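Below, chain A partners chain B and then partners chain C, in two separate complexes.
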Partner chain A sequence: MRRYFGRKLFTYTLTFFIAATIDWLIPRFMPGDPVAGLMAKQGGISPEGATALVQYYNNLFGLDRPIPEQFINFWASLLHGDLGRSVYGHGRPVTEAIMAAVPYTLALLIPAILLSWWAGNSFGALAARRKWLDSTVLPVGYILTATPYMWLGLVLAFVLGFSLRIFPLSGGYGFNLEPTLTWGFLTDLVAHWMMPFLSLFMVMFGGWAIGMRNMIIYELESDYSRYLEALGAPRGLVRKYAFRNAMLPQITGLALQLGVIVAGSLVTEIVFSYPGIGSLLFNAIKSEDYFLLQGIFLFIIVGVLLANFIVDIVYVIVDPRTRVGMRGGTA
Partner chain B sequence: MANRQRFVALLAILSLATAACGSGASPSPSVAPSTAASPAESAAASAAASPAPSPSEAAVENYPRAETLYTTGKQWGAPATWNPLDPNAAMGVVGLQYETLFMYDPLKDVYTPWLAESGTWDSAKTTYTIKVRQNVKWSDGSALTADDVAFTILLAKNPVVGSNLWQYVTDATATDASTVVVKFTNPAYQEWAQWLYNTPIVPKAVFEAKNNVDLFKFTNENGVGTGPYLYKTHADDRMVWVKNDNWWAKTALNLDVKPKYIVDIVNSSNNVALGQLIQGGLDLSNNFLPGIASIIAGGYGVTTYFPTVPYMLAGNTAVLVPNTLKKPLDDPAFRKALATAINVDDIVTKVYGNIVTKSDPTGLLPMFSKYVDTAQRDSLGFSFSTAKAKSMLAAAGYKVGSDGFVTNKDGSPLKLTLEVPDGWSDWMAAENSIAASAKLAGINIDPQHPDVNTVTADRNRVDAATAPKFDLIINNDVQIGNTPWTWYDYVFRQPLPYGAAENRNYEGYKNDAAWALVQKLDKTPVEDTAGMKTLTSQLQTIQLTDMPVIPLWYNGMWSQVNNSVWTNWPSDGGNHVLAATWNGYWQMGAVLMLTQITPVPAK
Partner chain C sequence: MTDVIKTEPKPESLPGAPKAEATAPARRTRGEFLYFALRSKKFLIALGILLVLIGIAILGPMIDATDPLAQQGLPMQPPTADPGNWFGTTYFGEDVFAQFANGLRATFFVGLLGGGLAALIGMAVGFTAGYRGGWTDEILNMLTNVVLVIPTLAVLIVISSYLKARGVLFEAVFVGMTSWPWAARAIRAQTFSLRSRDFIDLAKLSGRRAWKIIVQEIAPNMSSYLFMTFILLFGGAILMAASLDFIGLGPTGGMSLGLMMFNAVTWAALTLGIWWWFIPPGIGIMATVGALYVMNVGLDEIFNPKLREI
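Take a look at the complex of A and B:
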């Protein structure tokens, strides 16, 4: 057991180092100079003043140091939990900007991923046994999973937000409100959350449902199912075994999905002007914000690694073969 | 069976959740469907993200709609600093929270004492005495004194502040509680006048300890100001101000700002702003909204400064900047031919639908028309004529090649790139128009639109000696202000600025005589209109002869207002003030707008 996790931990640490290094490199390959971009937005400064300001910014962002030193500084401050300062935020600490956006993204993603996974799998398993479901509702699943998040978001916004006016079109909460622990504010918060959530949920739901349905059919037709059936086992028991086996790839899929989902939430957040990590990332790219970009990607890297690690642990629990493998046996 | 029950339960939960959330936001009055294609289309496009302040139940609102002014247009990122000395300060920090000694009205060319009671030069015009207004209180209750003013002037010595004030100021002392005496050598009168209405006075008690290299790390959230508004709160997508009931101007000038709250919404895109404005979720939008003419006609209650063409006041001059360090753009004859080849009227009507106007050949904004030497302009200035452009090119020795385009003098093919930032849709359309009309005269222009950072990188010189990469760019850095000096400083600045700090003379034009005149203009008292006119006339001779930049059109001071909650907005017919929330505009009279608007009685 210890060896298994030791090996996993080592892999994750190595992955993290390499990913973070690439993360540091990529923004620096972008054309242009972030400070020049920042200065271009500031009119009416005397040339003397502008020169002083450029020096100040280069110093603030640490860009006046040689590149290797910048890299070492990056790791040094990273280990202190400091991600630098945002160019887009005019010197605002990156951690602060990310922390302000994280709750929105997590509140959107976690329910969307988990609920769609649960609902999709339940529905898929059900569809595999009910002809009427399989031939009527499942095609809808195909359409949903093939829909780009952004397009579904636009359709939802147009129908539910613009035409029917059920949900507010954008933002995290109403512009006439301040965050308070009141019923009114919470309702407003949920109302703003609903459409981005739905657009993520529906697309993912379709994918899970199809996957599960196919897996169940595959398992039901495999030898062990046939053997069980031949022995006269009740249908419920056969299905139970099939479901358990079909779950395993879906769990792996869940871990992989976590990595991909950030991209999905990016466009969704932009469509709904939802103040999460996706919107922040979009603005960071637009303003060549090295540090904010770095910070967000780092956040994503850590998120994906963490999710994978959790799935590794879950695997040990749900798949007896992994436990056997750990003890050195063969399944 | 159990599974089907689970499935039904799942659907039930989902529908319940949907219904529960649905009740959270009751529908707002629907927008009248428009037959005018462009606003309807734009509105549909912006449906994706138009954040009308969610019309929740009235009891929930923190800011009652009838007392709140919703604005947008200034803020392009999350509000991050409230330090009034930082050029990136959030919308309203200077103007609503911190105030200046004077207010300048560019429509009337008048300086009005604001935090100052008066400001006077001595007879030798080297000593300036500021009388600080009495009974002005900081929002922490302490009094504004001459010490605060003298300290603010001293702050300009801090290089981070980015001021060149102390190049001509030698001393600033508070001689008593209400008097500051500022001493000068060879004063730059024009820049000093600009300083007087542009620089926020800050409390010495707060800023003295911060006056070091880390001055801008002090974000000053919820700071102590003198202005009509106090910091209320902010989020990544908004900045909220609340009225300061103890504002000095209430008694001193009998002025009272009407909105209790001002909520400034961070821009997401101009389409979003359009949707918000049409729905009445926004009162004032300082965004560029294409097709505004049909929106005004569309019955949404949206108005602009002028009820008809050109709708907007002129805010700045868009110029075509040639790289005068490269061939053939180093040749004044070629530049003049290029200027003659461009059909600006076509851009004004077809790209902008007449919401902008053609620039004067001198490039001076209409408010500076008194400084235009009209006789000289009419004889030296350029006007569009394809035939004339062709003959000018031929006369200057540029022959037409086999492909119909003029070639370099050495016979090599000539192709100029013209860059504008990607996504600036009006400029992208304008550059195509420029390329098309230049083509008729035989000049081959390749319109490009890389991302904004690439345009900046191509535009800036790496060092003073190296020519930058670009051939042609469009730029509009010089905003409306108190002096034509700013425009000439922009065109003729020497030595050539370079690097990230470059913000003038992008064309790299070197003319010592012109630069001497610009400096002389800076050192001319603002009251000496005759002296200024003499100098600007001489500068125009050089500019119109050598054509270092090609003035194209006056970009509008984009400002659209909705009259459904607030009315009596600035307009040509009524209140002659600027309706703009950008940095620098509040103290150019826009703060008066807040005292003039009136709430619309609830129906």
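Take a look at the complex of A and C:
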């Protein structure tokens, strides 16, 4: 078990190191100088003023130091949790801007992931090898999983928000409200949360339902199921075993899908102007706020790595083989 | 090392991903494939949808040669039966159909190139790791795991945001370069199971080079699997590119389905009620990717007799 986690931790540390290095490399070695980009936005400056400003920016971002020193400085401030200051947020520290947005993103993602995983797996397992259910769940599942997250969001916003006016179209809470712990504010919060949540939930639901349905069919065709059937075991028992075995790949599937899911929540937030990480990212791109962009990137990486680690732990708990010989997974 | 390998997640656990089926190296004849293909409803329906979409993508811009980025008529016209205005116009009076047809072209291009590139990298890494084993496998496995865990869209966002001019080609290459890991893993597992077979040993004894054995012996025995992997990568690349376009980091100066949605949202199509601006691109993507996925299941049933209708 220690070996298993040791390997995982090593991979994650390496991934973080590589990701952070990419993050550091890109502004320095990409065509197109970020300082030049900032300078382009300044109008009507004298040549002397311009050179002074370029110097100021280079000094501010530490770009006037030798490259190796820049790299070390980057890691030193990163490990102190200092991600620089956001231009878009009027000099607000990047960490602060991210922390303000995180609760919204997590409030969307965690329920959407868990509920869709549960509901999708239950439906998929029900549908497998049951003709009438299969012929409804399967097409619906495929349509949902092929739908781009943002488009389902747009359709929901148009139908439920614009036409029927059931839910508010955008934002995290009404513009006329202050964040307080009152009943009115909380219901408003939920009303704004509903549509982004629904669009994430529905797309993911389709994926899990299909995945589970396919896995169960494979399991029902495998030797142990055939053997059980031959022994005269009741159908329900065979299905139960098939379900348990099909569950494991669905857990690892969750880990594999995390990147896509996070990407989905980013674009969904943009559709609804939901004040989470996605909208922050969108604004950072629009205002060319590179510190904020880099900070968000690192934050997403850390979040996905952490989530991966949690899935690893869950896997060990669920699959007894990983605990005994650390050799489950493909058996 | 095998016990470590076994703790890795199953690549086929992606929703809709093909499952390992390399146990039957028997060569199928083309006739047999056709026989089952023509009887698979899923395969035929999906193929039909794809052909219609490809037709629109190829012929659309030819028949209706309007510039997708130039004002064609009155702004915000809802779709009517008039020829030339089937899809209505945008906030700027651009022809939605011209945008749709050109966008569909870009979508297929990104999918084909991005998915193809990802399949090539996945095959190169998967075959090498699975066939060589040992340290090569360890290193390639680590590389695969690292790229697998990194949320690729985030990387693409950071890179794209620094580039002022971006083409569809650039987008396709980047999507391809980041979406190969699960394919590499799946192909590696398959290669692993084939590697110790008698016919491979025989090929080794005959003194053939490693890459020749891979191309001539291993790849043909999992050709159906490789093809299905490519189809899934194709669909994945389209969705990924659409998300990137939607954030506003799509091709500059071109047209794509994701970009149509980005423009629609940017210019408040929702609150103005211009539904014909953002509904077609979404349906285009959904139909393309959905048809690819369904085709994949259809092919799975054609190649794998166990899965055919009960």
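By our rule, the second predicted complex is superposed on the first by the 279 of 331 C-alpha atoms of A that agree within 3 Å, B and C clash if a C-alpha of one lies under 4 Å from a C-alpha of the other, contacts with A are read in each partner's own complex, and residues count from 1 in each chain.
Here is the rule we go by: a contact is a pair of C-beta atoms (placed from the backbone, for glycine too) under 8 Å apart; a residue touches a chain by one contact, two chains touch by 3 or more.
Being a predicted model, the structure only gives us computed values, none of them experimental.
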| item | value |
| --- | --- |
| Chain B versus chain C as contact partner of A:122, first or second or both or neither | first |
| Touched partner set for A:267, first chain B, second chain C, both or neither | second |
| Partner chain(s) touched by A:192 [first = chain B, second = chain C, both, neither] | first |
| First, second, both or neither for A:281, with chain B first and chain C second | second |
| Touching partner for A:169 - first (chain B), second (chain C), both, neither | both |
| Touching partner for A:47 - first (chain B), second (chain C), both, neither | first |
| Touched partner set for A:249, first chain B, second chain C, both or neither | second |
| Contacts of A:108 with chain B and chain C, given as first, second, both or neither | neither |
| First, second, both or neither for A:202, with chain B first and chain C second | neither |
| Doubly contacted chain A residues - partners chain C and chain B | 30-32, 34, 154, 157-158, 161-162, 169, 270-271, 288 |
| Touching residues on chain C, where the partner in the complex is chain A | 3-4, 6-17, 19, 142, 145-146, 148-155, 157-159, 161-164, 182, 189, 235, 239-240, 242-243, 246-249, 258, 261, 264-265, 270-271, 273, 275, 278-279, 281-282, 285-290, 292-294, 297, 306-307, 310 |
| Sites on chain A touched by chain B in the complex | 30-37, 39-58, 60, 86, 88-92, 97, 100-101, 119, 122-123, 125-126, 153-154, 157-158, 161-162, 164-180, 182, 184-185, 187-188, 190-194, 198, 270-273, 275, 280, 283, 287-288 |
| Sites on chain B touched by chain A in the complex | 3-4, 6-7, 10, 17-18, 20-25, 27-28, 30, 44, 47-54, 56-57, 59-65, 68, 70, 76-78, 80-81, 86-88, 159-164, 167, 191, 198, 213, 216-217, 219, 233, 235-238, 240, 263, 265, 268, 272, 275, 281, 451-454, 456-457, 460, 477-479, 481, 486, 493, 497, 499-504, 584 |
| For the chain A and chain C complex, residues of the former touching the latter | 3-4, 7, 11-12, 14-15, 18-19, 22-23, 26-27, 30-32, 34, 129, 131, 139, 142-143, 145-152, 154-155, 157-158, 161-162, 169, 206-208, 210-211, 214-215, 217-218, 221, 248-250, 252-253, 255-260, 262-264, 266-267, 270-271, 281-282, 285-286, 288, 290, 293-294, 296-297, 300-301, 304-305, 308, 322, 325-331 |
